[in-house]
Amino acid sequence: MCSRCRERCHRPRPPRPALGLALALSLPLALAGCEREARRLELPPSAPLAAPSKAGVLYPGPYASAPVRVTAADPVVRGQRVEENAYAVSQGKRWFRWFNCSGCHAGGGGGDMGPPLSDDRWLYGHELPQVVASILQGRPNGMPAFAGRVSEEQAWQLAAYVRSLSGQLRSDVAGGRSDAMGSGEPEQRREREVPRPDAAPPTVR
Amino acid sequence: MSLRNEEALRRLDEAQRLVRADGAVLDVGALPSFGFGHRSLMWWGTLGLIAVEGTVFALTVFSYFYLRSHSSQWPLDGAPPVLLWGSLNTAILLASLLPNHWTKQAAERLDLRRVRIGIAACLAMSFLFLGVRVLEFQTLNTRWDADAYGSAVWMLLGLHTLHLVTDTFDTAVLAVLMFTGPLEGRRYVDVSENALYWYFVVISWLPLYAVIYWAPRWP
Amino acid sequence: MSEPPADAVPAAEAARLHATWSDPPGLLGRLASIDHKVIGRRFIATAFGFFLAGGLLAALMRLQLARPQNGLVGPDLYAQLFTMHGTTMMFLFAVPVMQAFAVYLVPLMVGARSIAFPRMNAFAYWIYLMGGLMLYGAFLLNVGPDAGWFAYVPLAGPEYSPGKRVDFWAQLITFTELSGLLEAIVIITTVFKLRAPGMALHRVPLFVWAMLVTAFMVLFAMPAVMLASTGLILDRLVGTHFYNPGEGGDALLWQHLFWFFGHPEVYFIFIPGLGFMSALLATFSRRPVFGYSAMVLSLIATAFLSFGLWVHHMFATNLPELGKSFFTAASMMIAIPSAVQIFCWIATLATGRLWFRTPMLFALAFFFILVLGGMTGLMLASVPLDLQVHDTYFVVAHLHYVLIGGAVFPLFGALYYWYPKMTGRLMSERLGRWNFWLFFVGFNLTFFPMHQLGLEGMPRRVYTYPAGLGWDGLNLLATVGALVIAASVALLLFNAWRSARHGEPAGDNPWQAATLEWATASPPPRANFDRPPVVHGREPLWEAPREPRHVKGLATDAREVLVTTVLDAQPDHRAGYPDPSIWPFVSALATTVLFVGSIFTPWAAVWGLAPVAIALTAWFWPKPHETDAHLRMERAPR
Amino acid sequence: MATRIRPLQRRPHARGPEPRTFAAAALAALVLGLLPLAAVAAPPFGAGSQDALRTGGPQAALILDLWRLLLAVCGVVFAAVMAAFGVALWRARRGTRDTPPELQGPLRGEPRSARLVAAATGASAVGLCGLIVASVLTDRALARLPLSNALHVELTAHQWWWQARYDDADPSRTFETANELHLPAGRPVLLTLHADDVIHSFWVPNLSGKKDLIPGRTATLALRADVPGRYRGQCAEFCGLQHAGMALEVVVEPDAAYAAWAERQRRPAEPPTDPQAQRGQRLFLAGTCAMCHAIQGTDAAARRAPDLTHLAGRARLAAGTVPNGRAQLAAWIADPAAFKPGTNMPGHRYAPEDLDALVAYLETLR
C-alpha cells in the first residue's frame, strides 16, 4: 500500500546465499511458536491441594534463596511450560479479574490496598514458584491464602500472569490490552522490571 | 481545463499522422516512445494508487466520525491538538504546490535544468514538512493507546505521514537520478507522475487537517 | 478460419523476438521472470494448491461432523480448520485465482505483447505466495488463526485471542490485499492502455470487461479490510482502542469495515465467473453472446450495487429498522442485473448451435446451481427470515451454492477451456465428463441438505452437535457428498497432470473460438504475438479478415509494446519495457520479513523498511545498457 | 484430541411435529427437484426442539409464514427459469467445432430475444418488489408484538453460558438463574441482552429470530411463547472454544406452573439437613466452587459462573449440554474438560467421599 511500486530500470544482483541458513535458524523460533500457542484443554484435574493449616502459614520471607516447592513434582518445568504459553497466561488474566485480585492490586497490577505488582519490588520472591507460594499460602497484612480455593493449574496461571505485569514474560506470550477501561499499558509492552535484591518485607502495621 | 484538453487532442492527432496503414500492416514505428499525462501507463498506475489510498483515507475519516458518534464528548479525554504546527504544516504543504507544479511543467517540456532545480526545491520542502510533522505528533495532546479518539487521530496522522515519507523517498531517488543519469525520456514522465502524486498527498491533507484539528473543536 | 500464412513473420524475426522476450536461464532466471504467462501459470497453480489445501481442511471438518459427538477433531483444531478453510478459500483461492486467470489471459485477449507493469505483476505474485506460505507455515506450527475468517472482535481482539494466531491472520490480509490491489492496478492499466489497435471499448471481450469491473471493485473494497485488519493488529500489538468499548471504541466498527469489503468480495469472486460464462457460452453456442451492451451494463450495475449491501450481514445486530429495510431492498435488487445476464445467456443458448464439451457442461451447471443459490440469497436478504437462518447451515448452503456455482463451476470450465492454450494439449474429454458429473452430484449431495439443516436449527461453526436433534442423517449425507467432491477434484488433478504429457495436441484454436488469445500459438510465444493484431470488430477470429491485420514497427531486439488510447484504442506511443529482474522477488522477500517481523515487534516496521527501500530502489534504478536501448529507439512526443 | 461429550438425554418434546412443516419441506424437495428430504419425516426422539420450522410462538410463526411465501415464489421462479433453460437446451440446434459461427443474427439484432429478455427482467423486478413488500410487512408485524404485562428478563451471555435475571417492579422479587429460562405461555417476554466478554447471539428458533449480544451495547428482543414445551436455544455467533456447547433450555409452561417455578427461584437455598450434604456444603464454601459460583442463602456470592441456588431443579448442566443427574454431576465436577474442552471450570480430584458429599449437597438445591 505504502510503496509506490513503479516500473523503472534495474540492475540484477546475485541471489541471497544465506537463505537456507536463515531457515535453519528459524526452526527453534518455530518450535517456540508451537509451545506458545498450545491450548491445553484436556489437562487432567489437579491433585488435591491441602487446605491451609491454621497453625502457621509457611513464610519463606523475601530472601528465600531456593524456590519454594509447591506440590507439582517439578515446578520449574511446570512453571516454564505455563510461562511460555500465551493461552495459560491469558487464563491467568481471567482469574486475576474473576478472583478479584484487582480489588487490592488494581486492574493493571498498579497497586492500591495491596502492593503493586508491576514494579521491581518483590517482597516474597519474584520467581514463579515463589509467586505461586505467595498466592497459595497468603502473606501478612491482608493477602489471603488461596490454597484449596483455586486449582493448582489456576495458581500457576495466575502467577505467570502476575509476573507478566512487570514484564517478566516474553512479549509474544504476555497479553495485549484489555477490553475494558484503563488497565494501563498492555502487559506485552511493559519494560522488564529487574527485581530489586534489596526489597524488604513491609513493616507490620 | 479545456485548453489542456485541446492540447491533448492536438497531440493525439499528431500521433495519428505518425501511424501508416500499409496493406496488411499498420506501421507504428514512427510513434513517440513516451507520453505524458493519461497517455502514459505510469499515469494510470499512479491514479490507481491514488484511488486506493484515497479510499483508505475516506474510510479512516468515516471510522473517526463513527467512533465520535458513539461518545458523549470528543476528545474523550483532554484537549484537542495544538493548532500551531498543523496549521503551519498546511501552509507549507500548500506552498509546496508551487515548486511541484513548476517542476511538473518543466518535466513535460523536457527541461532538465529546471527539473533539477524544481525537484530539489520539492525535496527540501518535503523534508521541512516532515520535520514539522514530528512536532505535530508531539502536540496532539493524546496518545494512540490513550483511548479510541487517540487511536483514530494517530491513525489519520500516521497514514498521511506514511504517504509523505514514501513520496519523499521516491522524490529523493528521482532527484538523484535526474542529477546523475542515465537519463531517458521516460524519466521526465516519472517526474511528472511523481508531481501528480504529490498533488494527491497535498489535497488529501486538507480534509485530514480539518478532521484532526478542527473536528474536536466543533461542538 | 485459420490465418493463411501469407503475411507470416520471417523465422529470423520470430527468433529475435523470442530471444528478446525470454527469461534468463537457470533458477535465478525463473525467479527473475516477469513474463505474464509464466507468472500467470504459477499464479493459477499456486491458487489451485491453496484450493486443495482448503478443500482438505473442509473434508476434515465434514468427517468430524459426519456423526453427532464425534471425537475426530477437538474444538481448538476445529476452530482453526474452519478459519483456515474460509480464509484460504476467500483470500488465497477465490480472489487470486480469478486475478491469476486475468494475468494470463487479459494481455492475450486484448492483443498485447505483455501486461502493464510486468515487474509489479511479478512482485504481486511473490507477495501472494509468501503470504500464503506464511499462513500455512503458521497453521502447521499450531499458530493457525482460530477466530473465523471474519475475525469478529472482541473474540479476535487482544484479550480473547492470546498468542499470535490472529496476528498471522491479520498479516495475511495485508499480504493478500497488497497483492490484490497491485494486480487490480495492473489489470486496469492493461485493459485501458494496451489493447490492440482498433479494439475500442465497445469491442472488448466480455471476459475482459468482467475482469476490468472486478479490478475496479477490488480497488475500492479491499482498502476497507486492510484498514480494519490494521486496526485489529494495532489493537493487539500496541494497545490502540479502535474496537475496545471500554475506551470509546466499538465492536461493530469492525463489522462495518469488514463487510464493506466482504460483500463486494463475494461479487468480485462472482463477476469473473460471469466473464468465464460469457466466454464459454459464446464459443460452445457458436455465436456471440446475446445483448453485449446489456451484459456490460449489468456487470457495472452489479459492481455498484454490491457496495450498498454490506449491512445484510449484520441484521442480527441492533440496527435501526428503516436502515434494514433499505438494505433488504438493495440486496434483492442486485438480483436484477444478474437476472439480465442469465436471461441473455438463455437467449444465446436458444438461438445458438450447441456443442457439448466438458467446458460447456461446467458452464451449464452454473444455471442450475447459481440460480438456486440466488433464490436462497433473496431469502437471506429479507430481514425477518435472515434472523432465523443467519449463521446457520442454511447460510453455509447458500454461500457455497453462490460461490461454487457462480465461480468454481465456471472456473473449472475455464480451466478445461484454456488449458490447451497454456500447455498446447487438450485435457481428456472422457475424464472431464466424469469429473463434471462427480462434482455436480457431490456438490448437490453435500450442500443441498444443509438448507434443511439450517432451517432445523443447526448453527454454523460448531465442532460437534448433540444426537437426537434430527440433524444426524443429513450431516452424514453431506459428508458422503464431500467425499464425492474430493474424488472429483482428484480426477481433475489427474486429468491435468496426465494431459500435460499425453493430451491431444491442441493447435492454435482447438475450439474455433473468436477471441484474440486463440490467434497465436498454443502455448503462445514469448512475445505473445509474432506480430500484434489489429482489430476491426467484436469477434476478431470469426469475422472476415480486414486490413490492416497486424502491427509493424515495434522493436524486435528490445522489449517494446504499443500503447493505445483509452476509448478507441488508437496507437499512441511505443513504450520501452523493462527486462526480467530479480528485484521484485527480493522486494517481496524483504516485504515479507517486514510483515512477519512486525507481528512480533512493532519496531520491525521501522528496521524492516530499510531492506524494502533498498530493494525497491535497486528495482527502479536504470541499467545502463537498457537505457542505451531505450535511447536508441527514443522519439520525444510532439 | 478426543472430545468426550456424552450424549444428551433426550426428553420428550411437549408437542408433536407440525404436519404442515413437513408438507413444506416435501414441497421444497419437489419444487427444487433435488434430494428426497422425506428421510427426516419420521424424526427421532427429541428432534424439532431446536427448529425454525416448528413454531411455539407468534414471532417464529410470522417468520415461518414468510418463509413459506418466499419458498413458494422462489420455487416457482426457479422452476420457470429452469424450464426456459431446459427448453432452450432441448430446442437449440446442435453444433460442433466446425459449425460456422452465427454472426448475421447478432449483427441484425434479435428483437424476439430482446423482447423476451426484457419481459423476463420486468417480471423479475415486479416479483422482487412483491417480496420486498412481504418482507417489510413481516418485519413490521414482528415489531408490533403487544408488550403490555410483559415479563422482563435480563440475559447476559458469557463464555460459554447464559445468565438470566428476572426483573420485577419489587426489587426483592427479582431472582437469578442460568442456562434455563422458564417462560409463562402466552405472556410476552422482553429480553434485555448483554454480553460479558465476546459477541454471542441469542437464538431459540422455535420462538423467534436471533439477536446478537455485543459487549458495550444493549439490545432487546421481544417474543411470546404460546405453546408449552421444552425448546432448545443455542448461541449463534462463534464465541470461542465452546461455542458448540453453549445451549440454552427454554421451558414454556402454563401460568400457574411458571408462577410456582418463579416462587421457588426467589427463595434462597435451604440449609442442608443430611450430614453428608452438610459436609458437602462446607466443601463447597471452603473450596474452589465458591470462587465463581453463588448460592443464595450461603456465603457463596461470586457471579463468574452460573448461579447454583436451584441447580438440582434444572434439566441440564453445563449450558444445556449435560443431563442433570447424580452421576453426571459428579463426573462433570471431577473433569469438566472431558465434557466441554476449553471450559473455564477447573477439574477437581476430590476424594470419592468428598465428591459424594458435594454432589449430595448440590442435589439438595431444588
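We call the chains A, B, C and D, going by the order they appear; numbering starts again at 1 in every chain.
The rule is simple: a residue touches a chain if its C-beta (ideal position, glycine included) is under 8 Å from a C-beta of that chain, and two chains touch if they have at least 3 such contacts.
This structure is a prediction, so every number in the text was calculated from the model and none was measured.
Asks: Which chains, taken as a pair, are joined by the highest number of C-beta contacts?
Replies: Comparing chain pairs, contacts are most numerous for C-D.
Asks: Please indicate which chain is farthest from chain B, where distance is taken between mean Cα coordinates of the chains.
Replies: Measuring from the centre of chain B, the most distant chain centre belongs to D.
Asks: Express in whole angstrom the distance between the two chain centres, defined as the mean CA positions of chain A and chain B.
Replies: 47
Asks: Rounded to a whole Å, what is the gap between the Cα centroids of chain B and chain C?
Replies: Spacing between the chain centres: roughly 30 Å.
Asks: Centroid from C-alpha atoms only, then distance chain A to chain C, rounded to Å. What do you get?
Replies: 44
Asks: Averaging over Cα atoms per chain, report the distance between chain A and chain D in Å.
Replies: Their C-alpha centroids are separated by 38 Å.
Asks: What are the residue numbers in chain D that touch two or more other chains?
Replies: 1, 197, 215, 241, 341-342
Asks: Which residues belonging to chain B are in contact with no fewer than two other chains?
Replies: 41, 45, 49, 52-53, 56, 145
Asks: Can you list the chain C residues in contact with two or more other chains?
Replies: Those would be 74-76, 117, 120, 154, 159-160, 181, 223, 226, 235, 238-241, 244-247, 250, 620-622, 627.
Asks: Would you tell me which residues of chain C are touching chain D in their complex?
Replies: Those in contact with chain D are residues 68-71, 73-77, 79, 147-148, 152, 154-155, 159-160, 245-246, 250-252, 284-288, 290-291, 294, 316-318, 321, 324-325, 328-329, 332-333, 335-336, 339-340, 342-344, 346-347, 349-356, 364, 367-368, 371-372, 375-376, 378-379, 381-392, 444-445, 448-449, 451-452, 455-457, 459-470, 472-474, 477, 510-512, 514, 539, 542-543.
Asks: Under the stated contact criterion, what part of chain C meets chain B in this complex?
Replies: 6-7, 116-117, 120, 181, 184-185, 188-189, 192-194, 197, 219-220, 222-224, 226-227, 230-231, 234-235, 238-242, 244, 247-250, 253, 256-257, 260, 531, 534, 547-554, 560, 562-563, 565-566, 570-576, 613, 617, 620-622, 624, 627-628, 630-631, 633-638
Asks: In their complex, what parts of chain D are in touch with chain A?
Replies: 1, 197, 215, 241, 286-288, 290-292, 302, 304, 334-335, 337-338, 341-342, 344, 346-351
Asks: Show which residues of chain A lie in contact with chain D when the two form their complex.
Replies: So the residues of chain A in touch with chain D come to 39, 41-48, 51, 91, 94, 98-99, 148-151, 153-154, 179.
Asks: Touching chain C in the complex: which residues of chain A?
Replies: Touch residues, chain A against chain C: 1, 3, 5-16, 30-31, 33-34, 36-39, 41-42, 86-87, 89-90, 93, 171-173, 175-182, 185-186, 188-189.
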